[in-house]
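What follows is a single structure, written as structure tokens, with notes after it.
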């Protein structure tokens, strides 16, 4: 579709429908509703109660239980989908085939095969397939990327991430599918690459067959190791990622309001060997800690604005369908590893990693 | 030796020598020096500088570089050894053969074979072989054991422990040997059992061949899983253990001065299935947090006093040679698992687990 | 007006207008908009920009710059006023005279005389005059009141409150008028009484004549002392109140998400004198800390609902005009004390304290 | 006395006696015992139990109940006094008259008159009179002084200090005498000046007539205001001082092990007026937070070493008798202000402030 030609409505606005008004959908709806240049026309959900609640908050919306109503409306440019993961593929496919740009919540789909199929379809249809990896739009993660690119931390030895809390248990997906995509998408973004192997140890304590605690180890090209702990069974809500570099170390604590990132001028310098001593010489460096000022904006606001920009102007998404596929591949493999009792499994970077 | 008959000196005191006056030895020396009924007669080290420092602090000590001086002194009842791990076996053996009670710092030895040999020798010589698992003498760990025994937490699903900081790098042992014995000894003590399998992923970043970061997974009989993260490469000093039980959850933070233990009345109750719904019913419980008052005493003080009690009165050690052996077996196996790239390895509980 | 007879609109809803759509007004509007049984008909502000932003969020509102439009609309039951303090009196008076129930943001007015006049007018008009002391509707403050009533803390010796941050500087009022009403309204509510004297030390560093740092000491009947520190010039945002009682102590930290209240079983017991020793005997009590579970609801939601209930059903407000007056009297006197360099000034409890 | 001529013992060491072996004395003793060039010859206390405990720890000491034994021993160069405040004057006077250098714990004496008398006597006897203001020897306070001197914080608007905990109640002095000298000595040191007025509000809850909670306001020359809160009745141990400067802000938290000082690049810039707007223009600055690396050494070690240096080499003490007097004057006046119900009282800087 030629840029801005047909599908924008008479008012020259980017028109969308939001599908799924449960937990996350209303946040997407609120942000698009406040976004200059965007217009939310539809809310869609299977629950009458959710629809009437949305109507109470936004009386100007059209409420529907049938996503088909949205797809066949020519005014609609894009569809924003925040439904259960198991439905992502079918709804996403229908929207793309209907000629809509698509923003799908993470994880993109429930299998790599489904994700690959959607990516291919979006290419064919020349539509934007966008995945809601919200964290990579946060100012804190952008700051980390900036510090990494500038070489401030040196080479990254390893990353250790903890993402735990009590509940909310999901019934259709395990804790790996639920929480790990956040960490994997952040790390893929920070390192500009995808892991080559994954090892996972997981247990299900509350719901048989649905893992609620898991420990993942990812190995990235170049040797960086990422350890990820996810759990629905922890007394505290922790979202903390530690990056250990050859020059400096960094802790990212997403639960902190004002001090999300701390940069530690700490490290170990390996000194050259001395013949006379013949032993390994180490020198510790304990320096200042810096808590950089971060300009907080709601990451979802940036994400929504960026999706509109990609749809209207052909800008390349920071979180494309391919990025969504890359994450799904890791999660899928992680679950396989867990089923095998923690065996290290290779990831075939294959097609998915190509086009970013 | 008949209890209290011969080897106590003329003043009726429990007489000891301290071997190794580097990092930890002086703490042992200070505690025995203040212990009523105990008398430190010797300090022993290979370094003139350390010996003269000890003499400056405690002018009444006999300083020697030869542990043989201590062994052949009939006044000496026990020897307290805080030397590098690689020397534990030889010194411990010599002391036991010389008829002394022995307190060896953790880890007991550098291999399970050595540990077994010492345990056997101590049995033959009818001497106390005691390992310095200091943490199990802390009021916080005792409180945890009390809560566990009383069933306050219910069944323990899993434990997650983090013991990280920057340095101090050791040259003769890796971070697993250095730090993990603390966690393993605490868990063996809390669960009154030993792990049946161990899986370890480790990396060495600073010194080739000496792992400085490791993630261990231990499986205990009955299904409890313990995840342990140890690292010499972390910007923060963290010593935190989370116990997740079917009734309550508990966090033990050893770096906190006043709030080492927090008990969370949190959990998930699995409700019975309802035919009509046919789906899994979960009920979350978010309740009060209690920070129990803990009466702080230096754990090492209790340890030293207990060692004297075991030596004089035949009391069974809370941290016997067998307990030291149990920990060494796990560490040895963990290192093997790491060398194999993270393979799960069984632990042959065998002899070591028997005698506690 | 007979209860529920005339002024409710045809849809049987409690109809309001919101005056002032700057910082706090939109929060009031959002809550009333979501409140079942309530209907926001008007938004009113002098700024075109604010009005059009409100219209964008809530297209169904009537926007006006003239509060008179609201007053003369017979459908309107109540007016919610969140304008600068200096305008509270005039707008509140006009609304009451127009027969509307009034919710005024805190502080109620800019002088005790104005507040007394409004209280009197509301009585004459038999309309609800309600002040937005939001904190007393928070679950944390309600929990504190519950603990105090149950005698859990014993007699309260003193309270120390810190409410500081960097900015936002106001131009028409000083930091005492801006921040202290929160603490005073909380304490009046907790102790069910009003202070009898106030002493204040204050300084203005940034804007000449507008104090930005102040320390207040209030003395309540019965001897309880309250120390309040307010500042626009502090690097950290702190909202912490410590209650020291004869039995227990309590810390209320409003910046904490999950642990707003901590109850310390700590105290000092004064033992009876012994003749033979003739000295004072004290016994310290260091016990557990309990963090009670608090069911979080947005306090403003409860406040809005309560205002509607008072207007419709004649329920007595927890934050009546008289309560607003009581706070204004303290603040007014505090500022006088500050001008006098920190002199202790008595508060004439007078009329204001009577009618609660 | 010519440097090093007479009173040092045959071994060329600085010889001292420690008087008072209760709470703080043993720390002084331990530090002098480890100080190269120093020799502790005596420990002195009225309690047999304390003396025998000291002998157990340091068998080489001479124990005595009579400070006269120390004074008449010509080998003794200095006397270190950590007895109850009420005895400071008499013991200090006797030692100075006996020709000894004197280190007196803070507060120097129980009245300004006594302190002035000791200062005068020390001048006459040409002996060092040194007060144990330990905090000014801490690396954190030195860092703060360095930052202030370098102008990093700009002009200091005000300081707010909190020093509270539960107990230890003293029987001979109130909480102002017990705790405030720490803050006053730190501030006098940081600002290189003494306050000109003091206002104090205090209450005694547990022991009649002995204040256990107090709020002090000190005004320094140049307009800096210091607010100090001291209490023996608080559930938490807090030692936190906030400095608010025109350029930056700083928080000093002495209970933090690793992050004692945080420097906030925060502030408010007052912009020049614009004619057209005629209103005050403010610009907030929210920048990075820096936690500077501080090299921790036990402050008491530096203090003891510095006392020896002053005694042997005539170095001017950082905490001289005059500094001790300056603090005592403020505390004395603060107590008078409290008795008067919080009246602001001037401090006659007088003689005490001269000689630093």
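Think of it as A, B, C and D in the order they're written, each chain with its own count starting at 1.
Heads up, the rule we're going with is that contacts are C-beta pairs under 8 Å (C-beta built on N, C-alpha and C of every residue); 3 or more make two chains touch, one makes a residue touch a chain.
Note that the structure is predicted; figures quoted are calculated from it, not measured.
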Q: Rotation angle, chain A onto chain B: superpose the C-alpha atoms of these two copies and give the value as a multiple of 5 degrees.
A: 180
Q. Taking contacts as defined above, which has more of them, B-C or C-D?
A. C-D
Q.
As a test of understanding: of all chains, whose mean C-alpha position lies farthest from that of chain A?
A. D
(Q) Rounded to a whole Å, what is the gap between the Cα centroids of chain C and chain D? (A) 41
Q) If you average the CA atoms of chain B and of chain C, how many Å lie between those two points? A) 54
Q) Do you know which chain A residues sit against two or more other chains? A) 286, 289
(Q) So in the complex, the part of chain A that touches chain D is made up of which residues? (A) 259, 265, 286-293
**Q.** chain A to chain B touching residues, read off their complex
**A.** 157-158, 160, 166-167, 169, 171, 199, 201, 203, 205-207, 213, 215, 217, 225, 227, 229, 231, 233-236, 242, 244, 249-251, 262, 264, 266-268, 270, 279-280, 282, 284, 286, 289, 341-342, 344
Q) Any idea which chain D residues touch chain B in the complex? A) 33-34, 56-57, 59-60, 237, 258
